[in-house]
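The structures considered in this document are given below.
Next come two complexes, and both contain subunit A; in the first it sits with subunit B, in the second with subunit C.
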Partner chain A sequence: MSNNTFSGGVVIANPYPVNQVEIVQAPLPSKVVLPLQQRIGAEAKPCVSVGDRVLTGQIIAKTEDQFCVPIHASISGTVTAIDKQIIPHKSGLKSNCISIESDGQDEWIETQGCGHDFLHCDRQTMIDYVQRSGIVGLGGAGFPSHTKLSKATDCHTLIINGTECEPGVMCDDALMQHHPREVVRGVEILLHITGAKKAIIAIEDDKQEAYQSLLMFSHNDRISLVQLPTKYTSGAEKLLIKALLNIEIPSGGFAADKGVLCQNVSSTKAIYDAVIDQRPLVSRIVTITGDALTPINAEVRLGTSFEQVIGLTKVNSQAHDYRMGGMMMGVDVETTQVPICKITNCIFVNNKKPVQATKECIRCNSCNTVCPIGLLPQQLYWHAKGKNIDKCMDYHLLDCIECACCSYVCPSHIDLVSYFSFAKALSKKQETDQHKTDIARERFEFREYRLERNKQERAKMMAEKKQALKEKMAKDKQADSAQKDKIAQAMARVKKTKEDNA
Partner chain B sequence: MHSTGLNTNQIMRQVIYALVLGVSASYVFFGWGIIVQILLGVVSALIVESAFVAMRGRSVLASLSDGSAVLTAILLAISIPSIAPWWLVVVGVAFAIIFGKQLYGGLGNNPFNPAMLGYAFLLISYPLQMTTWPVDFLSLSQVVDEVFNLLNFDGISGATRLDDVKTSLSLGSDIATLQVRSISQSWINIGFLVGGIYLLARKIIFWHIPVAVLAGILTVASLISMLDAQQHLPVQNHLILGGTMLGAFFIATDPVSASTTPRGRLIYGFLIGMLIVVIRTYGGYPDGVAFAVLLMNMVVPLIDHYTQPKVFGRS
Partner chain C sequence: MIESVVIFSSLTLILGLILGYAAIRFKIKGNPLVDQIDAILPQTQCGQCDFPGCRPYAEALAKGEAQINQCPPGGQEGVDALAELLDLEVLTLNEEHGETKPDHVVYVDEKLCIGCTLCIQACPVDAFVGASKVMTTVIQDECTGCDLCIPVCPVDCIYVREITPTLSTFVPNIPGEVRV
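Up next, the complex of A and B:
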């Protein structure tokens, strides 16, 4: 079997640990901003207008796209705007959002799910509930859960990812400690939906409290709890599958191809809510951490601004750097006036630090040693820096999961991952450009062909016409001479008659 | 986000510290020569590096602080005879830094090990000065006289140990007496071995290259001595004489010019070890480390290309 790990990765302890992992209930926000663009798929179309009153959990935007989930109001109140706002994305760009002003009532829509006796519900009904409730992967990928569930038709093992995606993030830990019953019931629901024989809940061995809490509720023989060594990138789906089952998902393939389904613990809890009560996903647990404040976990309504969430804890100093997502794969954000989304698992607030100067790469090999995918980051860096995309592809650029282990260990402090994401973007651009030139070339070639064809056709036509004319002229000539003959004969006859008469 | 592990500058410094034992052993047996050579080398390295980096319009301070120029100078100064004339190390270091490193774009871009490039250049250009070693402990004043050619006295110098051994062997001398005379060399090698183990323990170098170099040396030396034990050095002497340990732990492991894949480093090291013995035994030069390393530096891109590790999810 496996030794519950994979090669590579880095061991990083939580840089800002807390004694007790608690969940702070954030007060109802006075206003929420809900982006219409989800992580994956088309932008949702609003189905409310400015001035409408909406209830908590009401669908306010949806798409036809089967991959997408609808967007729900996370508070009750009045729609105040449907316009472009800054969204929490590394580009810092604006995107269409719906703003709702709270009426302070938090009045919910009425819903009804399968109820606690969910076994009577069929698979498709449950998946529909999951989609209608807007459940996506809450670990950070944001992949819609119903899509994963409907693809998992031939699933033998269910993996519940409770490894916490990055050091410092505690939201899944908090959820497991405070909602163990819901998580385990959620796993049972997933077993029912997928028909999998067994489920494994994977927890890192630094989360003993979470492990113990779950252990108290997991009495089902089909569900087992497995502790993994605390190592960063354990949370990456393919690596987790490798660690637990020793199954390697092929490059470019999906877990479902090998009969495995992965779900994050927070998503599992959300699926529980969706199936039992058809309760839409309108809040999530966010870790607020960093060296500038006292770390907390808070349950926050989606669409609450970062500023308000950060305000829940004591911030120690003035000048800060903000980062959303983890310290490894997260992205820096310039402003705190952006809303919490379904994938916002963590906000880092750090004191401003001087940027560390980078040195040249000395090919020291630290990066190859930690790469969980087995790539050669220093070679990729060399070629990415030279914008030699073909070479990057030889070194399997597209297999890079951008986990930033290489950047973390680099003694020259080179931010290797940004070179790789740059190279990926460049390769995509080259591909699009190539596609464009291909189309342009095809069109040009067709034009040339068309012109040539027209020319030939015209020449042929001309030749035919000429021939026809020639033939006609010859015929005419013939007819002419026949006519002349006739005339001559007639003249001769006339002459003869005249002579005869004379 | 970066780990709090060693940074590039600290790595270079650690390598320099790891050289202390070997250098001390050399001091114990041959006196002040090595210290004077290192000082000369370091000073010229700092001057040459500063001048060249300034000419390239880069930050002189950043470049000097990485310690790579100093390390190159020390490695070269250790490798050349400790009583060589002062200009030898100066010329060697200048060549190493300019042609071995800066012309390729500075640290990290050089295909060849700069110190060994400097060494090879000196050995080819000044064979006499490069093979005249002291035979006894020399005081500071004696060294200064010799290095700066203030006095021209004879009797304190001899041929390179390995050269000496080779010549004596072909003349039919007794191996046992030669082994006794090689004690100083053995201690120096042990000094570098201990320093190398320190680097391994600090995870500054990986085991692949040194182990493979030593394995390569053992393999070829055993083969050769099986063919003709009388005419060739005993196997163990290959390990403790000449630049073996310095080469295995400090020269061949230079990450910039070495192979980078795990399998590649084994191949790279093993071939260096083999070449060292082949050059020592059949070549015209006293020691083979420099040429073995330079030859293998040339092959690194090829080795790296064919030894890529298995990528996750690919067969």
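Up next, the complex of A and C:
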């Protein structure tokens, strides 16, 4: 295999390129909406109530779940509501959110981090800072960083994922161009936490400016910069590890098992903020792109509505389709009244287009060729369509990363990946239903057993009582006859005395 | 001639003994078909099939004493699965036994509950927590939605709550397929 790449994947150029990648500082939003349910783990419980005044960076909700991070207020102001709101999710369902009305002051809560001299801090303290600051994978998966860090106990290589392979997304590119110093310092912090010997910052070769600016600040021998050929799905963790180190992570395994830790470049910058200043994650860089507007990158507070963020650039007046995330893996959203979340790296605003008609699968094998994991999407498609989940599992459905390469190349325009996400969700549902039925069966059988046991116990008790009564009666009878004998004897004695006297 | 007769008769005897021993030693207790049928049934334990629970219904089915279309919570999918397992003709769900209701659980309006414990006795899976003259409640995770507690409640304080999909239990549609 050629250097630094993997088999499969598709090459797609940025459909909406810009001359200069800039970061626009978005004005403070008047209101933010912060969802309590995160990508992974249980729903957080609010620790503020309606009417409370909160400061920027204050923890407003948390859970006991070790996988979860707390939720911070992203502006200072008053909590106006804790209720169900639409969040950017493929289901379009409502979820519990905390709404905060801004007071326009952006007053921060006081925090104390490790400071720039972080080397004296121990591993656990720094991981605690990362958790308390609410840092999750900002590339789109939203996996909590502290969980990854605590798992990486025996790590030899650190990979900083700056590939940003989703075509059109530029937020990591912008970050690397404008905050190279923080990124490199963040990598040094991660090296200190994990104890890894070396770190690799991986960048796709279409981001030359980002590469150059990081090169200027990278003075550490342990940190190397590697350019990868521009190809979609190179940013997927397992594929990136394969491309860079030629280590294959087995199905169901984790990178940590092989001594590798992957972190997104934006998360690395967030970890820098968390450890040095204990500054919680309250904002992120979002790319706003699509054919309906001039693409920009903006640093926005979490919980700002899509509408306000899209308003930062010039948008044409046609009807639009909105999409959160990349053009390949993103999800379509119905309305722009949804909040920016930690995983919102990009918003696509496209002019409404007629949906391409789906035709029958012609078994052309294109999807099998592009699948970067080496699965057989064509087979999976048939089995998912027939809801034959067991067969899907035989074809390793759970290893599918839903990268949508197969949907992209399909000449019949079959949206293969939505079949796979359907099959995954169905399999999960069947599993929980099965679990519930098993519990019900067990409880029913136990109840039957309990009722039977009670019946038997009662019968036994009754029998014992009856026996005791019988014995008592027999005894009484005996006593009775003994008494009678005594009386008879006494009578005989009296009679005898009378006779003797007479 | 004699030799071969002797060899084959002794072989028959030995093999027969082994088989006979195996039949006793590895005897399957109970009817395995009942377990297979029971695995398909939804375990609601609602008794709508006229049997006092899913297992009794499975036993009746195995004996051929019941029809496969008597289980409303299992729905038509359940009937189809039973037909396939038992190699019977697919029937439509018998409406006399009730209709398939959406997934639901029950909950107790705790302000109205008088603590009569009738629901506790009615519940086939012991999903109620309570005692005489104290407030009773339902363990939501263990309720099967059999609705047996609703008619016995003297103050009508037990209500049905439909299970709505959440972000973690949501199942997306297959493209081009509209689900009810």
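Following the convention adopted for this analysis, the second predicted complex is superposed on the first by the 430 of 502 C-alpha atoms of A that agree within 3 Å, B and C clash if a C-alpha of one lies under 4 Å from a C-alpha of the other, contacts with A are read in each partner's own complex, and residues count from 1 in each chain.
We adopt the following convention: a contact is a pair of C-beta atoms (placed from the backbone, for glycine too) under 8 Å apart; a residue touches a chain by one contact, two chains touch by 3 or more.
Predicted model, so just to flag it, every value in this text is computed and none were measured.
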Query = Regarding the shared-chain residue A:418, is it in contact with subunit B (first), subunit C (second), both, or neither?
reply = second
Task = Applying the touch criterion given at the start, work out whether A:65 contacts subunit B, subunit C, both or neither, answering first, second, both or neither.
result = neither
Query = Is A:90 contacted by the first partner subunit B, the second partner subunit C, both or neither?
reply = second
Ask   = After lining up the shared chain so the two structures overlap, which partner does A:441 touch, if you call subunit B first and subunit C second: first, second, both or neither?
value = second
Subunit A residues touched by each partner, larger count belonging to subunit B or subunit C = B
Inquiry  = Taking the superposition on A as described, I'd like to know which of subunit B and subunit C A:101 touches: first, second, both or neither.
reply    = neither
Ask   = For subunit A, which residues belong to both interfaces, subunit B and subunit C?
value = none
Note = Note: in the complex, subunit C contacts subunit A through residues 38, 42-45, 53-55, 124-127, 141-142, 144, 165-176
Message = List the residues on subunit B that touch subunit A in their complex, please.
response = 1-3, 5-11, 62, 66, 68, 106-109, 206, 255-256, 258, 260-262, 304, 308-315
Query = Any idea which subunit A residues touch subunit B in the complex?
reply = 6, 10, 12, 238-239, 242, 248-253, 327-328, 356-357, 359-366, 368, 372-376, 378-379, 395-396, 399, 404, 407-413
Query = Which residues of subunit A touch subunit C in their complex?
reply = 37, 87, 89-91, 93, 95, 358, 384-385, 414-415, 418-419, 421-422, 425-426, 428-429, 432, 436-441, 443-448
